[in-house]
């Protein structure tokens, strides 16, 4: 026992000494702590966000920075794990003394860090977490969402689908919060707009399901008019691939939220199925405005690839941060949060405003259909229909109701 | 005291014990002999509950113990010492015996007394009686083979049995160790312990046992005092005079 | 409960066939795992990583040939051998010294290998999803009596029996198979009669890993190839081996059939809770047959 | 011999005392992040120690220990969120739920040996995980429960640290007594030789079952502490990869020693928090550590030190 205690001590104390070195804090810096998943499959999304952020940050710093200070960032990898995300967030706040937190593609991490941000009074800007609870039921003064949320997806998809002739639907999706939230959102709103729709049945598979063939064949034997597929980022690609392999997309039309996004279609190359209906908040080829062309040009010059929606999120997140600090007039968490609420900036997809009641960014949605087009080695969206932000954002009453239910 | 009736046991197609009968009375020293593969070890494992017989019954002091689990049989006062050394390798000699004592005195679910203070005199007494007190605090993996065999017996004694079953207690021992072990067993028998054992060393068996049972190919062919067994023609042919 | 009315005989058959083709893959992979478990006594957690490696290698080889159909066939043929070679190196350098360790140690050691493989894959192929198209001849589906039967799944289904017969031949008819089976029962005995057990073990290990690589290469066109592949598969493969009986190759076949079919039938009958089925089956089997359905070599 | 034993005991006790003293004044000197990290180390250490009761001392392949950890965390969180019962009751309710689950799973698993035991436990644990993961209305599904209303007193970093320190200390004392009690000795006997244990009258299955329940209970306590420190409970807490990490902690520290798992937890948690956030190749580091360990230090770090110490003792006094 004696020896064991001594050795525990020796090791623990030496470990503490080794890691003692507190990072040096430059005084003329605004430090952004970015927590995201930089390993495993979701990392491609996280890296898009980071590249967009860097692009905008470099530009801001080149033109004099914010309030005379430079923007800087540090990243931490949460490995898609809540506990690691929380530890990293605490480390960033307590040890790195960051001014604000940005990040996380994982909604569970977003919610956990949001709770911490509330306690520590540090602004937290969610970049890729899509749960509507982040700014809805669990929203608070210091949390902001720069991404579309499941409620918005539901409303947008319902509006788009109601214009199509389908009546009998089947719902299939990833068996987790995001999948169910999207499915419920689409279905409830669709039912409201077009009361004669019928739900024939549902299939739910576990997250990371490797083989979708049995699910697809079982849906095929039910013969619905259309299928609403509610898969999250990781599930989209294999599902689309299975749909192509089995010829599913030729038999039954299907809607999938991110199906037309670049991050989904690029890895599939020309193996992606055609004719899939999808919504997205951004295409590098749409809207065909000058601002978008400039952004795509700059992004391609810096990283030699097309920007995805993630890249745009990163880009405007950095711009929002800069603008909010300027509006606040000083580097102060409370003032920053107040300034960011209701703030508007110009972006490649037009002016965007952070919601006044819930701190949710009001984003328009584009619905398109996948198609092979000469000149690209992946599929792109065609027949694009714009659903304006006003029609899909959460209303003040809805936010109030969600928060009261807590 | 112990009554074994028509026990049968087979593994897959191989019949290890075909028809075994055995009776042991209080205070006796009974030996089971027979050539290799006669089914002696299997019989002992059936009696101690480690194997379930296909057929037959075993009763111990009037109680049917045929379908009991090993630990229940042990609690009825029947203890087995193994042929191949089967001890708690990672523990000290003292702890090996203490485990058995703790289990007997019902301390298995005592969570808060430091175990080095429990059952010390009883354990030391057993160690002293078998002559292992000198190596009390050694990790038993480091003992000699003979010492480990004695420790086997000591562990069995820890549960204070009325009937001690020994599977080849002197196998692999030097002559001196064998002699010491036999005198230890004789001493224990004088103190009232009934002993059932099997052994290869025929001379030893005939000089030491009160009664002998002979097994051949899974069948108990005769049971009786040494002289009677020695006279038996069947035994002579099959075992003593014949094979080996 | 509208969906019940949509259940048709055709749908059932279709689902059954798809389930069987999935069982084929599970069988190929878990029989390899079972072989290694039975003969070498290594609970090889890294088996899933070799499966993943097989898929990635098949992808890379195919992309050397511009993702043509020929490229896929070459990849399918070569990838398992590459995996087998990697495993041979691993066996000779890493495992051969650890055979007499406790199972838990071996399990943890292979877990470390699994982590290592995952990072190696990340370094070599990056963390993006990879995708490989099936050869043109096997794309799409057959329509038979209104059933939609994916061609690739039928191809897998046709392949299963060959692998099973091949394994049967290898373990029952060849000399090395017989030695391996004897070694599974009593290692020392085989060593005592003058056979170099070490090389027999190496051979069995390599065969097992070859099967993992083959499974990986075969699934490459049906799913996305990514770093998470090993994780899901290894759990399923272990459960299959456990319900089949540790080390029993035929148990792996039985287990794979049960697992694959309950999975696909569960999806048809009770889609909302299909996630629970396989685990529930394993629990039920183990409650009633604690050491698996068939005789274990342990 | 007696004298040196007494003095060695004195030395250990004084070390323990100094250690406790250092830990209890640490918040005065250490930056906040390290206080938080130490709390995390302590509770993970308690969790690993509870696992080691089943794994190292009981010899049972407890492959899904984190299930009990997660249940303890969820038990406490749900009680705090959904009911208005006194909060401290939750610290009993959580562990009791874990212990009950350990009992149920134990009854099913305990008759199997080694790898079968581990695998059955893994599948049963997966079922529990699925229920937690899917039951959105009650457990919050895969998003988990966040912003658990921890009593004011322990909700700050320092408050939760002291609470963790006190609870961990008492639990470790209890576990120490259990391991060194007759119960613990017999448990170790079963680990070393179950057959022989049965033949000296030990009820092997019952003994193992009780050990599993105790281990489950203390894992639940650790789960409650986690919620106190982090304010969240989520399905990751029940995942089998966490369970494997716990086994690595036990192995790293040495699973035949009492304090080994605590040391292993300290090393892994610190490495994970400080290296894991920076590099994406943290698992690579873990893998290499694990492989080296298995090759060169199969008894773990503490086991190695103790063997050296033992070796010296036997060289001077006794025959090897």
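Which chain is which? They are A, B, C and D, in the order written, and residues in each are numbered from 1.
Just so we're on the same page, a contact is a pair of C-beta atoms (placed from the backbone, for glycine too) under 8 Å apart; a residue touches a chain by one contact, two chains touch by 3 or more.
Please read all numbers here as calculations on a predicted model, not as lab measurements.
Engineer: To reach chain B from chain A by way of touching chains, what is the minimum number of steps?
Structural biologist: Each step joins two touching chains, and the minimum needed here is 2.
Engineer: Among all chains, which one's averaged Cα position is nearest the averaged Cα position of every protein chain shown?
Structural biologist: Measuring from the global C-alpha mean, the nearest chain centre belongs to D.
Engineer: If you tally the C-beta contacts for A-D and for B-D, which one comes out higher?
Structural biologist: A-D
Engineer: Just grab the chain with the largest centre-to-centre distance to chain A, centres being mean Cα coordinates.
Structural biologist: That would be chain B.
Engineer: Quick check: how many Å separate the C-alpha centres of chain A and chain D?
Structural biologist: Using C-alpha averages as centres, the distance is 36 Å.
Engineer: Between chain B and chain D, what is the gap in Å from one C-alpha centre to the other?
Structural biologist: That gives a centre separation of 41 Å.
Engineer: How many angstrom lie between the CA centroids of chain C and chain D, rounded to a whole number?
Structural biologist: The computed centroid separation for chain C versus chain D comes out at 34 Å.
Engineer: I'd like the Å distance between the centres of chain B and chain C, where a centre is the mean of that chain's Cα atoms.
Structural biologist: Chain centroid spacing, chain B to chain C, equals 49 Å.
Engineer: Residues of chain A touching 2+ other chains?
Structural biologist: Residues 39, 43, 175.
Engineer: For chain B, which residues are shared contacts with two or more other chains?
Structural biologist: Residues of chain B never touch two or more of the other chains.
Engineer: Can you pull out the residues of chain C that are in contact with at least two other chains?
Structural biologist: Residues 122, 275 of chain C each touch two or more of the other chains.
Engineer: Sort out which chains touch which and give me every pair.
Structural biologist: Touch list across chains, by label: A-C, A-D, B-D, C-D.
Engineer: In their shared complex, at which residues does chain C touch chain D?
Structural biologist: Interface residues on the chain C side: 43, 94, 97-98, 101, 103-105, 108-109, 111-116, 118-119, 122, 235, 238-239, 242, 246, 275-276, 279-280, 282-283, 286-287, 290-292, 298.
Engineer: For chain D, which residues count as touching chain A in their complex?
Structural biologist: My answer: residues 8-9, 11-12, 15-16, 19, 30-34, 36-37, 40, 133-134, 136, 141-144, 146-147, 155, 157, 230-232, 234, 236-237, 257-260, 262-263, 266-267, 270, 272-274, 276-280, 282, 301-302, 305-306, 309.
Engineer: Flag every residue of chain D that touches chain C in the complex, lowest number first.
Structural biologist: Interface residues on the chain D side: 61, 108, 111-112, 114-116, 119-120, 122-124, 126-127, 130, 134, 240, 244, 247-248, 251, 280-281, 283-284, 286-288, 290-291, 294-295, 298.
Engineer: For a test of understanding, state which residues of chain A touch chain D in their complex under the given definition.
Structural biologist: Counting only chain A, the residues touching chain D are 1-9, 11-12, 15-16, 19, 22, 38-39, 43, 76-77, 79, 81-84, 86-88, 90-91, 94-95, 107-108, 111-112, 114-116, 118-119, 131, 133, 138, 175-177, 180, 207.
Engineer: Within the complex, which stretch of chain C touches chain A?
Structural biologist: 2-3, 6-8, 10-11, 14-15, 18-19, 21-22, 122, 127-131, 133-134, 139-141, 147-148, 150, 152-153, 219, 221-224, 226-229, 231-233, 263-264, 267-268, 271-272, 274-275
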